[in-house]
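Just dropping this structure here.
To keep things simple, chains are lettered A, B, C and D as they appear, and every chain counts its residues starting from 1.
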Amino acid sequence: MFKHAVITPFLGQTKDRFSEYNEPKTLEQKFQTLRMIEGMTGAELVYPYEVNFDNLSEVKLLLAKYDIKVACINVNVKVEPEFKSGGLTSPDKAVRERAVSFIKEAKDFAQAVGADKVQCCPLSDGYEFSFQADYTETWQRLCETFAAAGEYKPEIPLFIEFKPNEVRGRCYLDNAAKTICLIKDIGNPNIGVTLDYGHSLYGDNNPAEELALLNALDVKYYIHINDNDGKWDWDYFCGSRSLMQYIEFIYYLKKFNYQGWLTSDTSPTRWDIVKMFEANVNMTNRISARIDEIGMSNFEESLHKKEYMDIWADLQSYFMKF
Amino acid sequence: MFKHAVITPFLGQTKDRFSEYNEPKTLEQKFQTLRMIEGMTGAELVYPYEVNFDNLSEVKLLLAKYDIKVACINVNVKVEPEFKSGGLTSPDKAVRERAVSFIKEAKDFAQAVGADKVQCCPLSDGYEFSFQADYTETWQRLCETFAAAGEYKPEIPLFIEFKPNEVRGRCYLDNAAKTICLIKDIGNPNIGVTLDYGHSLYGDNNPAEELALLNALDVKYYIHINDNDGKWDWDYFCGSRSLMQYIEFIYYLKKFNYQGWLTSDTSPTRWDIVKMFEANVNMTNRISARIDEIGMSNFEESLHKKEYMDIWADLQSYFMKF
Amino acid sequence: MFKHAVITPFLGQTKDRFSEYNEPKTLEQKFQTLRMIEGMTGAELVYPYEVNFDNLSEVKLLLAKYDIKVACINVNVKVEPEFKSGGLTSPDKAVRERAVSFIKEAKDFAQAVGADKVQCCPLSDGYEFSFQADYTETWQRLCETFAAAGEYKPEIPLFIEFKPNEVRGRCYLDNAAKTICLIKDIGNPNIGVTLDYGHSLYGDNNPAEELALLNALDVKYYIHINDNDGKWDWDYFCGSRSLMQYIEFIYYLKKFNYQGWLTSDTSPTRWDIVKMFEANVNMTNRISARIDEIGMSNFEESLHKKEYMDIWADLQSYFMKF
Amino acid sequence: MFKHAVITPFLGQTKDRFSEYNEPKTLEQKFQTLRMIEGMTGAELVYPYEVNFDNLSEVKLLLAKYDIKVACINVNVKVEPEFKSGGLTSPDKAVRERAVSFIKEAKDFAQAVGADKVQCCPLSDGYEFSFQADYTETWQRLCETFAAAGEYKPEIPLFIEFKPNEVRGRCYLDNAAKTICLIKDIGNPNIGVTLDYGHSLYGDNNPAEELALLNALDVKYYIHINDNDGKWDWDYFCGSRSLMQYIEFIYYLKKFNYQGWLTSDTSPTRWDIVKMFEANVNMTNRISARIDEIGMSNFEESLHKKEYMDIWADLQSYFMKF
């Protein structure tokens, strides 16, 4: 069984370019909703807009009151006006330093609240058009700013969440391999990768294969779960659009003995909030239980069959009622 | 030279899932900004959230004061809570009727303000998952609701703007051909199509070819201009990502003697608002002027060359400085 | 239970840009292989390269000997040198007439061999670049040539198979809606559409929704089955990449009481030929049987639930072993 | 000015799944065609199917006779029956060793013929379906086989050409970053990357950005040029579909002072062979000359403007005749 957490802003009001969804909620209301989701025990909290040093004591009280663990502190470096076109890669040194300081403070906050890691998705670090960015400079800046953020309090590792695009037309760190290149170049083992299943999928990668790459190259990872149609980061619920690939992803998490959180990065725009997150938890756990029932060694045997049609026959008998 | 208009909300504050861009503006402030854009003389106004019968007299005064023509009234049927999962195709008859009444009222408003058309992009009419919608029923409802909306005040034609997705994972009316199927099935010549260049492009269609289809099948059309990377409706400025396709699009508009508005549906998130819309106007008009300079008949000759490399050599000499 | 056929060239040697797959086979060898596939009883034969008037009597003998029905005659109008850049839309009238004559002869052949339809996928009618084609002219030619082909022997209907691209960078008839526009413009009820599941899917459409559109607009259809990753016409086996969408497709075929053939358009490049086609047959039939077991009316009820998470729970219980 | 080469099989007959293009040519005929292309002076020759030790002396004679330089030896490890599902990652050790021996022999051949590098695109090393491959094992095998191939005769560097897919549904080495991960893991500075412009583009990457990454991480690179529509490896001629991105790519090649070959990997299916390759040469050289005319320092200034609309105005004045 996996430990399940949720990115808490998804429990309140969300929006897109044209509409708003669900009601705004206080942090306590979000925690109340979280506890209504069977099997959900953790939270990824957003620093500094949802939690920060001003409400630290309230956060600690609420975590205790609702018996919620902090899976991770998510540090947002995209919303401040000066971060809008990229904080970590800004041509302005002061802006870059401020972005780095956000991550350092998030580490402080994580420590204060008993969390063991922070994560950052540099969504506004990217570009849209030809000749808009100098890729040599921006890569250099990514190396410098993430190095600076990573070497602060290495006991609270920093996980970098790659994403193909949104809010920029192209984000610089768009897949696992490029993020690994960055981390290896920095050379800090306490910088890891947040593998968001959907970011991998709609970036035209296979989440299980990217996971295996992280594992092969000894890079720490932390997992976000969701699904999409391979075209956009819709943050659909798990298994809804790429079921067999999700089963394969769960299989590799088990094979690699992943003990961390599975954090739902799923957007309940038009579906019941509680039911949707419960579907993430239940489906994931049931797939895991089904694999246990079949047995990892049986699975390994299937995997090593030479004829794929024989593998498929096994998969059908393992998972399908037809 | 083409007549240029702009969808006015783009002149004020816009947002996406994670951020907000630019300052909120009153209608008058938007009109002031509009007049700062050289060559921009028209507005597409959004009913009922930007303009409506409550501010009708103010709208008329401001239009006169700033000498702005109304290119079109854009009726929004996606934001009301009951429209969130699709107003025109709602299983609830009362909701569908309310959506239709929005379009009818928009026609009334158009008439009151001296506009000659309305347009509607049914963005929330769609679905995300398998077995979420009954496609037979939803098609039937699209036929009925658009028929009802179209037969009201046919002297103010209704243009349907197709779009592949957003805000739904899939919109029902996702390209020109399907929208033509709907219109032909309804059989009302006063229902036309809004061809948004970017919607065509990121729906994996060629805007010029969709335009030619509308022309061949005698369906009225109205044009939105912008650009994108072929993957998402980024609403970039014209020519920024698909320059030669945009030149081809302008060529066909001239060939078909399009006399209507070119309405900029372009989102100035990180760029100077006035400069960005001026780029739309200037680039479009300059391409048009360049084609005039070359001459349509010379162009026709190029087009009929058997060897494409010879056509390309012509294009290079027509448009490129290398 | 559905009637299953196979496009016979897939039983012999196939190739791609770089490699060849499997051994060449005579027609009799292909028929022998076909009969080894449990549940496979029909053949779609390719005119004039696999079958033609020269081998008509042999074809008839072999069909009788192996008790194989002809699901359809597939007329190939892309391979002749003069068809390479488009036969049906060639600027050369004589070439267009020759392409039409291929279809007419295929109808003659279909009649001679006891088949009730022909189908044609105009793969080489398309373009790659801006200003390469005059879309007004090419649409006009498509109307004329398909009209001429369709009015010959209307008792043998002609099914047009749309496809987004390949062998051209863009094919003119790239989805169901555009093909419907063409057929409605021609006005011949004996021209129908071949809906190839994979062509629909990788054209960024939903096969079940395109099927419902054909049904709603009373256009005849004939079905090819396969699967892909949404990016290219890989002709994978059924259910391998888009399982829930395939289940939905089967559901709609049953709802519309489709009595025609399901013809496997699946390419066994690296998998056992017989096992791969058997997977198509078995999986399709088992899904169909599973739906019967559940009952169409139960399914309808699920479909009409307001909350999608409840629909999904039903689907999980209907089809998944977890 | 750049040095231009061509992959010689594109000068003879090519094919796709359904058709054949152009006439078969002997090596001498291909060289004769090559010399008809103005500005084309080099050849990338395919080992062992086009050149090998059996025709070595003929190859040397013809190279001298037609004054053609060998840009690179392209070693094909995908066509042999045992390589069809992946030679370098085959579960069979003997097959992997044979694939490695192909690369070693290609290095021997390169040396014999006076070429300074070999390149290999492992197109058949990949997979199609979930649970078809064990990604941990296949990554390990890629490391081992490329390490073995790379350490042989390091004075003839090996360039690995990544590609998203084709002939496999997914190739293991699908972008620059993942190939860099592999090379850094192997730790051999004499293994580099072949950056094929089109492979980068249709893998949803930006060629100029991938080039900058290779440069930043001190990985050797070799360049293939072409273009496509961002969806498939169509091997169109340069600039035909992504002109401004190609200009940006050329700009970075100049900025990084690339002195190697630009090798045309372009497929003249329906266009005049000589004219198409001449377009590659001419357009590339003219863009380069235009940049020289503008001056790299002026370009740098443009690039550092804060407002992108001002950068765009510069680009328009630099390159467009409107």
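One rule holds in what follows: a residue touches a chain if its C-beta (ideal position, glycine included) is under 8 Å from a C-beta of that chain, and two chains touch if they have at least 3 such contacts.
Note that the structure is predicted; figures quoted are calculated from it, not measured.
Counting the residue numbers that touch the partner chain, chain A and chain C have more than half of them in common. The chain with its Cα centroid farthest from the Cα centroid of chain D is B. Here the spacing of chain C and chain D, counted between their Cα centres, is 36 Å.
In whole angstrom, the spacing between the mean C-alpha positions of chain B and chain D is 41. For chain B, residues that reach two or more other chains under the stated contact definition are 128-129, 204, 231, 240-241, 244, 270, 308, 312.
Contact residues of chain A toward chain D in the complex are 91, 128-132, 134-136, 139-140, 164, 170, 174-175, 177-178, 180-181, 184-185, 203-206, 208-209, 212-213, 215-217, 244-245, 247-248, 251-252, 255, 302-304, 306, 308, 311-312, 315.
Chain D contributes residues 204, 230-231, 237, 240-241, 243-244, 270-272, 275-276, 279, 283, 286-287, 289-290, 307-310, 312-313, 316, 318-322 to its touches with chain B in the complex.
Residues 14-19, 21, 78-79, 84-85, 123-124, 128-129, 165-167, 169, 229, 231-232, 234, 236, 240-241, 270 of chain A are the ones touching chain B in the complex.
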